[in-house]
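The structure under discussion appears below in the form of structure tokens.
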Amino acid sequence: MKVTVWNENRHEKKNPKVSEIYPEGIHGQLASFLEKAGFETGTATLDEPEHGLTDEVLNETDVLVWWGHLAHDEVTEEIADKVKQRVLDGMGLVVLHSAHFSKVFKKLMGTGCDLKWREADEKERLWVADPTHPITEGIGEYIELEKEEMYGEHFDIPAPDELIFISWFEGGEVFRSGATFKRGRGKIFYFRPGHETYPTYHNEEIQKVITNGVKWAANTATPTPVRGNHQPLENITSKA
Amino acid sequence: MKVTVWNENRHEKKNPKVSEIYPEGIHGQLASFLEKAGFETGTATLDEPEHGLTDEVLNETDVLVWWGHLAHDEVTEEIADKVKQRVLDGMGLVVLHSAHFSKVFKKLMGTGCDLKWREADEKERLWVADPTHPITEGIGEYIELEKEEMYGEHFDIPAPDELIFISWFEGGEVFRSGATFKRGRGKIFYFRPGHETYPTYHNEEIQKVITNGVKWAANTATPTPVRGNHQPLENITSKA
Amino acid sequence: MKVTVWNENRHEKKNPKVSEIYPEGIHGQLASFLEKAGFETGTATLDEPEHGLTDEVLNETDVLVWWGHLAHDEVTEEIADKVKQRVLDGMGLVVLHSAHFSKVFKKLMGTGCDLKWREADEKERLWVADPTHPITEGIGEYIELEKEEMYGEHFDIPAPDELIFISWFEGGEVFRSGATFKRGRGKIFYFRPGHETYPTYHNEEIQKVITNGVKWAANTATPTPVRGNHQPLENITSKA
Amino acid sequence: MKVTVWNENRHEKKNPKVSEIYPEGIHGQLASFLEKAGFETGTATLDEPEHGLTDEVLNETDVLVWWGHLAHDEVTEEIADKVKQRVLDGMGLVVLHSAHFSKVFKKLMGTGCDLKWREADEKERLWVADPTHPITEGIGEYIELEKEEMYGEHFDIPAPDELIFISWFEGGEVFRSGATFKRGRGKIFYFRPGHETYPTYHNEEIQKVITNGVKWAANTATPTPVRGNHQPLENITSKA
């Protein structure tokens, strides 16, 4: 199984606080623990040709992990449409934190994907809302993060197919912070945590959830629908 | 409550069979029974300036009904985006038959919206799958249409919020033919029947369902979410 | 439209704090604002014959509102089964607060319906998670209650058909506090607030939500499914 | 992973047609292909002490497969309640064909679970409605069964969490024939085909779906929620 981690990789270049936490970039850190979990893992970043997402890379990717924030607009329409199409064709997608506003996620959701936000070094507690879900494997009833950015409702997404985590924030808000969506033959997992100035992706429970999410999002040889004009499978007697 | 019926109005101009069934156009027929049902109803068509969907019209419309087929591509991106935004802001949308492939519906779904199809004068039977739903008010367990176009699965839509009708077709296929979706503050009802060469919109049960759908899709003064940067509602002690 | 408010009416008799807040009983207070909202409203309580829920009362009730806590076990299996059957047959049901553990709700959900709880005079903030829903009509983005009992996840219910409110609690928990479920021809709305020692049902926003919930839960002449042995609607050629 | 196949095993004893198709019983046939698929598989039948479902057996079972029809009423309330509780505690459950009317399924659904039915040697075609789902792995767009019993809508179940198959029947009906439900920590898959007088469980595609269903239904060490009285995780300032 082949995983590609995509990152815009801009905060890392501008903000020493971020590059101190993630010396190999956010993508480097994500790829590192996914590699250890046993996936064949590559990375791709915004400033590479075609944002690192050539047809070859996309066609070989089973699950794409996406982190972006500052530069959503610099992702070309063409690449965003190509990624969307690959998801509809069966590639898994794990959308992290501020990638809620990425072109790819917005195109797949069909909604504005906006939310409330605040940077105030506050506590987040992610409660498990679906204790049947394989994405929650190996963690406890909740995950606590001492300092995170706040995201608050109303989160402008379609009602998720599955709601897995609900976050509590110290400042008084809640958020649907782990949610799945199916689109075409593709499975999508949105997971909220991961503001660039906090060491969230060093947290082992967060790593476990993302690893579980990647595993869940991979398509397992399900049928490929045929569409368009279709000959009848039965006699149409009324036609006579 | 103000309803606008939009129609591309092209089959009616080209195909005498269609203009015979719908001398006032498909939009005329839809508007006629919606008006009788007590809604203040207007129409808009593709060839009018701004496709008849000026800001004024859109802003005053509570529920928009959409029929299109031949000319989806002639709807400008700008108008399609404007309609989508109005839905997210709370306008109801009833999407009929071949409008599954309209720009507006595809943008709101985020999927390909393709399906199987066939024109073979065959029987369709729409079974009620959700007998709690106000959209099924006043009809029986199923609706039978002697001759309709076939639409078959897999219909490339997100899993609907509510599945209301499932169609049986004589040629051997099934279809999720009545389904609701919520996007932003807007409610969307997709309803399958209505091929232009059959008198489907003269069928009283079909009229009842569309009327119910319009009533259901209207927003009833629900809250308008505020998004963006947000001050804490509680003291954030960890910040000190 | 006929509404019946059911209450076990026990706290009111034992605890002067409760009878001070609700001199007419919790049922009296609920009935009072529902009556003002225009519904024909009656009440029924545990200690009446058949708990006040005779066949006549049940058959004439469009929507039943249920509050219970201390005495769930005193409701007879027979009455609980009868109420469940009426819901499946189309009666609406609004389940309030500690009625999450009522026999009727548990039988309809099929799950344990347990949760975390705490009485600590703490703040609850109910955030709107579905700003399309008529149950949220006329309120703001959230409702704040200065003092309420805490209910926390994991709430052992099936994934709701619609998630309308998510609560934030001062002590660090979250809860799916407004949720809808469809069962048979019946619509069910669970709404969390209403601990007996707080004046929650005097809060006008809470009253508005319950009123909206009653309105939403009423069945509107939807089809009555026929089940059992069924003659074919088409020729079965393979039989020959 | 340990699978237990439960069967009432009555048709096999009464009807030579059934015992000819399933000389080892329906349970024997199901166990045979599940064993080949790599699961450690046992069987249990109605007439064994405790219906073969002792605490020991249940506690060691990861996924229980259930087939019943004639003798639902002979399953004791105690065993049915025990099985239900094990599902809520995390045991997977695959419910086949006429087990839609089993005590266990009805208790878990909270609805009547009735449907239309007919035995007329007619054709069934199961269309894939969710081509992302691992339960559809390895099959085509549809499965065709030359002769099966008909089950028709309205099927009195809660709206499934996932709708995987929709059946077309020759006689004119449709049915939600593959559906998943989550209850507590347990995952449930209902799959329609398998009338006792047809060789349905010898069909390799049907075997593949049931095998996939068993794999999907197994819980993977997800969190065990704690419920009941709960100490605050944060200071409750309003209490002072």
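Per-chain residue numbering starts at 1, and chain names A, B, C and D are given in the order in which the chains are listed.
By our rule, contacts are C-beta pairs under 8 Å (C-beta built on N, C-alpha and C of every residue); 3 or more make two chains touch, one makes a residue touch a chain.
Computed from a prediction, not measured in an experiment: that's the story for all the values here.
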More contacts between chains, B-C or A-C: B-C
Superposition rotation for subunit A onto subunit B, Cα-based, multiple of 5°: 180
Equivalent interface positions on subunit C and subunit D, same or different at half: same
Rounded Å distance between subunit B and subunit C, as computed from the means of their C-alpha atoms: 32
Rounded Å distance between subunit A and subunit C, as computed from the means of their C-alpha atoms: 36
Subunit B, residues touching no fewer than two other chains: 125, 128, 130-131, 141, 152-154, 159, 161-162, 170, 172-173, 182, 184, 225-226, 233-234, 237
Contacting residues of subunit C [partner subunit A, same complex]: 125, 127-131, 141, 152-154, 159, 162-163, 166-169, 172-174, 176, 235, 237
Complex contact set, residues of subunit D against subunit C: 84, 88, 107-112, 114-118, 120-123, 146-147, 150, 152-154, 156, 158-159, 161, 170-173, 181-184, 225-234, 236-239
For the subunit A and subunit D complex, residues of the former touching the latter: 90, 125, 128, 130-134, 136-141, 161-162, 170, 182, 184-187, 219-226, 233-234
